[in-house]
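The chains carry the letters A, B, C, D and E, assigned in the order they are written, with residues numbered from 1 in each.
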Amino acid sequence: ADPALVRIGVAQQGSGDPPTFGGSPAATAQLQHRVEDALQSEHVKVEWIFFKGAGPAVNEALANKQIDFAYQGDLPSVLGRANGLKTHLLLASNVRAGVYLAVPPDSDIKGVKDLKGKRVGIFRGTNLQLVADNVLKENGLTERDLRVINLDTAAAQAALASKGVDAVFLDYSLFKLQRQGLAKIVYASRDGGLQLTRQAHLLVLEDYEREHAETVQKVVTAVVQAAQWSSDEANRNALFALWAKSGVPPESWQSEYAKQPLKDRNSPLIDPFLVARYQSVADDALRLNLIRQPVSVNGWFEPKYLDQALKSLKLEAYWPRFDASGKPIA
Amino acid sequence: MATVIEQDSGLTLRHVSKRFSGDDAPPVLERIDLSIASGEFVSIVGASGCGKSTLLRLIAGLDADYDGEIDFGGARVVTTDLSRGIVFQDHRLFPWLDVEQNVAVALRNAPLSKAEKARAVKEHVALVGLQGYERHYPHQLSGGMAQRVAIARGLVNRPRLLLLDEPFGALDALTRARLQLELQRIWESERITMVLVTHDVEEAVLLSDRIVVMQARPGRIGEVIDVTLPRPRKLGDRGVGKLRDDIVETFFTDAI
Amino acid sequence: MATVIEQDSGLTLRHVSKRFSGDDAPPVLERIDLSIASGEFVSIVGASGCGKSTLLRLIAGLDADYDGEIDFGGARVVTTDLSRGIVFQDHRLFPWLDVEQNVAVALRNAPLSKAEKARAVKEHVALVGLQGYERHYPHQLSGGMAQRVAIARGLVNRPRLLLLDEPFGALDALTRARLQLELQRIWESERITMVLVTHDVEEAVLLSDRIVVMQARPGRIGEVIDVTLPRPRKLGDRGVGKLRDDIVETFFTDAI
Amino acid sequence: MLLPANRTSKRAGSFVTHDVLRGIGWTALPWLLPVACAVLWVLGARYGWISPQVLPPPALVFETLGALAKNGELWMHLSASMTRAAVGFGGGVLLGVLLGGLLGLSRTLEAYVLPSFNAIVQVPVLGWLPFLMIVVGIGEPLKFLLIGHAALVPVTLSTLQGFRGTPRGLQEVASVYRYTRWQVITRVTLPSAIPVIGTGVRLAFTKAWLTLVVVELVASSEGLGYLIVYGRQLFQLDLVLAAVLIVGAIGYVADRLLNALERKLQRGRAN
Amino acid sequence: MSTLDLEAGSAKGSWRGVVLPVVAVAVWWFVSRHAQVGHGIMVSPAHVWDTAVAQVRSGALARALSASLARELTGFAIGTTLGLALGALLGISKLANRAIAPSFNTFKQVSLFAWIPLISVWFGLGDVAKVVFLSLAALVPVVMHTSDGIRAVPPHLLDVARAYRYGKLQTLAFVVLPAALPSIFTGVYLALIYSWLATLGAEYLLVAGSGIGNTLVDGSEQFRMDLVVFGVIVVGITGWALNAFARGVQRRWFEPSRAA
């Protein structure tokens, strides 16, 4: 890799020109040019590359060593690891996010249980899928009990608005539809407990890390700074306004983060909860035949850069840690 | 009926002129006046490019963009009609149809039963000597054979007026003579009005009641010659040869 | 040079046979043997479909799929050559080129300067009487005019052997006579070997040193007639008429 | 016919062994390229020229293919795709011939419609999706519509070209024999336009097949396109390639069939 | 033979092409006014107009459009050039045809989409990959129409070229090409359409960047129908303009004379 260039892949379409995104500390870092500023003294340029194909496309780019870092969700990374991608997870970025179930406004579907036999949109291969599957499982259903249609974010919204489907599992983009009176959110998975949330992270290619440990440290530190800014309740409105540059209105972010402390959602920590979630995603993926051999998260996380950043920024005690079951560690 | 010449079913051209648009050259046809009685056999001879084919196209109704008037059978010619047939100078066979199908093209809209059509086609393929070639496609035919298919197509539906544009141009003397004879026979028995464009003055003399000599630039009628020789006429006949020589001498030797 | 007949630059056909693949009909040509001396003028006559055009294609080198041997100028004919020209029965003009450009087609690979080519084209357009039509496209020409363009194209590059497939078929008597005369003049002054396919026996007699009469099914040589009449010959000449009548009577009257 | 082949006469060099060798070479020729690609692929996989995550080794692909065939999934996806392709492509071709024919026959209609047609066809499938999903939902009709749209364009344009290219001389023959408008269209214009339309139809098939994949990508739960997308989303490129092989194979067979059909339709023509 | 006449009528009749779009806009306006569909779906022409003005004012449109057009024209040029060469080869050489055509026919049936992983491996994540992607889209119709056009050249015209000893290149340039021109032009014309479609496809499927395709995607991801409609209209108008350009080229270079 070109030492004068850092390439960060983002598993989202991105929006605008140049594209930006929202909803995570990494997004804050991009919008605030924190990584660029941190690397400026060494004349290292930063390139943010957005993938419409989301996590899977990011995996292809990683396989070809076309990017050095990636912001990605849990399932796609597990798929990559299962297929032999050599990466290290550096820090969490956007955790404990849920999925929502939305239906047309006049629908008589009241909850997940009513989905039996219905046409339901799910964006497969992303970290939305497993959560949706687990939600179904908790309600005694599987994908086979519904008529599942693979819909990406845009298609899911259009399908819902046109009543082409009976329901969709999707993310915060549903709030806008709800405000427009085109959809009704009948279920939020985060209400069902932390095992029904999805996580995301920043990762680095092993090869790159070996050769450019210093750069990795700088990037991690910059993102941790962004995480701290994003976790400060004083910044709540400024944060949503910042993320709104990506095209998702502040109201949607408000709804997405309502009743949740920003610290919980924007924590970069690699705590037992996070590790346990990734292992359970890997186990679920195997059970659902999404991968062919078991994946272990042992040795996948590389917390030393994060620890160093926390130390240098004096943030060791800033974010609460959670145990495997999601309970705060005293 | 077949023997009575009905004047009102004849062909009349009055002051017919034709000019191709965008052309500042002299008109291709200028004030053509000509009356052809029903059942008459008229030949048109004239230099290459003098407008013979153009004239036939107008009569056939293929080109309505002219000045003057053309009447046939008491009605104004405005478009084509099954009662007026034409054999084109280039054969214009459909490349995707075989010999038999190409002849049958003329009968698609004829009021005949399927069997009658098939029989008529068979007869006419034989008439032009192409038995055995029914399944050949145009690219498998010689030049003369293709021309004969076109003749069969022109004859098979028995129009009341048949326009023939150098139909025998590509034929050897023998085939030509045979087809001339057949044409004559059909003309006599069915009293079809025939207008034949030919560059063979002898052929014109042999077959026609009248010969129209056209002149070029602009295309116009130079002379109309009545052929009063008794029928049946034959190629060797002295009268035929004499009239031919006269016409050739008078009209086709200016430049030599 | 022009007056010495070099035997080794003549044309020789030995046992030439031709059959179209997938055809179980008799061969189209069967064991054709023929020698034509350099500078000789030979005509081929014969019934429609007897294989004349096919034979010319073989000599031109357009079709190598035959049995037997064809030699020209001491070398085996395996493909086309600028020293052997051909005027096709159908004119085969390029529809996207105008008259002048169509004639120039023959000179593309001639060892002439641009100006020489332009002059040669101009001369030959005039030779066939088409001055004023240089900018016309094929669809704007009459049948005879298109044929004349093809003749001009065939002549313009002065091949040593010129094959003519019914070149005058669509021409009126006057134009035809004029072009016959021109052809004769060119033949005499340049001693080009000429092979003319024609259905007009009189034309054959007028122009040829020898006349080959072909027979059909299978196509073969029936007779070769030496024409010993003194030159220059003229259309009206008694000898010409007599020989013509003889040939027509002997070979073209079986069926009538 | 192609360019001067410079064939020598039949009996020149008619050594039997030579001919036989040539015959074998001729038969093997079409396999040269695919075999070369396959060899490159095997070597590339073995020596790691390309990451195996992106270009999995052939053995794995065929293994996946076998597994798909065995558990019956393959047939389900296959029949779903074939149905969509057949309906969409068939409809698109019919409408395309109709529309192209109408435009070819009437300059007036052309003046009204062609500019809009030209603008509309410039909007891609992905552009229409948001609308069409609203108008027709995301069921099969959506797929038929989009695939049909993809097939429509080349067929319309080539039919238009073919109709315009009909030799005037032949149309005049039909006119002399008082062919009705319908007869002229079916008996003269259409047959003479067949070669051009044929090219359009084959291109239409290509486009329809491509669109199938895109449509199945966006909204579906079965079909070969879905299989490709699903494989990609699961980062199992062997699944993708297996599906690609099938898509290619079917496309090839269909293309050959269309070709044969076209040849049958223009039997008798010189080339 | 006649060239494909893409010109819609004569100059005096060109107003007729505007009739349908005007009617469509009128119907749209009427429906958006009176139909009680959810307002998020049915945007009014006025709303789209406001969006358009905003896009133009901010310069976003100009940036997106120029990025897309640059890609389109590059890819089109490359794809067409290669397509002409390959199509000519397949049309002319029996050997090449036999060796390549079956593989090509298989290749073209495989969804372009399926090649994306490989394209990004070989050509990276930048504009190059997008240009390659849409070159491939342009290549296919050109190859097919060129080779088919060449194979349909009347053999009797090829005889003339042989008689006058035209070399392969001459035959190609002076006989085959003019005779195949109408067909080739249709291929190039389709290539223009497909490379434009592929431009949007590339912007949609490959990594995000600047371009009108991204405007469209943004609109549909954010469920902003006004932006989607605006994007579709821009795409349509641009395509129409490309068309007009093709017509101009055709009139200028391929016009004359072949009415028969």
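Some notes on this structure:
As a working rule, a residue touches a chain if its C-beta (ideal position, glycine included) is under 8 Å from a C-beta of that chain, and two chains touch if they have at least 3 such contacts.
Values in this document were obtained by computation on a predicted structure and should not be read as measured data.
Counting hops only between chains that touch, subunit C reaches subunit E in a minimum of 1. By count of C-beta pairs in contact, A-E exceeds the other of the chain pairs B-D and A-E.
Subunit B and subunit C have Cα centroids separated by 28 Å.
Chain geometry summary: the mean Cα position of subunit A and that of subunit C are 85 Å apart.
If you average the Cα atoms of subunit B and of subunit E, the two centres end up 50 Å apart.
Along subunit E, residues 1, 41, 117, 121, 156, 162, 204, 217, 220, 259-260 each make contact with two or more other chains. In subunit B, 90 are the positions where the chain touches two or more neighbouring chains simultaneously. Among the residues of subunit D, those touching two or more other chains are numbered 4, 51, 54, 129-130, 134, 169, 217, 232, 237, 270. The residues of subunit B lying in touch with subunit D in their complex are 60-62, 79-82, 84-86, 88, 90, 92, 94-98, 105-106, 108-109, 137-139, 157. Residues 169-170, 172-180, 183, 187-188, 191-192, 194, 266-270 of subunit D are the ones touching subunit B in the complex.
Residue ranges of subunit D in contact with subunit E, taken from their complex: 1-5, 26, 29-30, 32-34, 37, 50-51, 54-55, 107-108, 110-116, 118-131, 134, 153-154, 157-158, 160-161, 164-165, 167-169, 195-196, 198-200, 202-203, 205-207, 209-210, 212-214, 217, 225, 228, 232, 237, 240, 243-244, 247-252, 254-256, 270-271.
Of all residues in subunit E, those touching subunit D in their complex are 1-2, 4-6, 8-9, 13-14, 16-21, 24, 41, 91-95, 97-103, 105-114, 117-118, 121, 140-141, 144-145, 148, 150-156, 158, 161-162, 168, 171-172, 176, 182-183, 186, 189-190, 193-194, 196-197, 200-201, 204, 213, 216-217, 219-220, 225, 228, 231-232, 235-240, 242-243, 259-260.
Residue ranges on subunit B touching subunit C, taken from their complex, read 20, 25, 45-49, 52-54, 89-90, 132, 140-145, 148, 165-166, 169-178, 181, 199-201, 236, 245, 248, 251-256.
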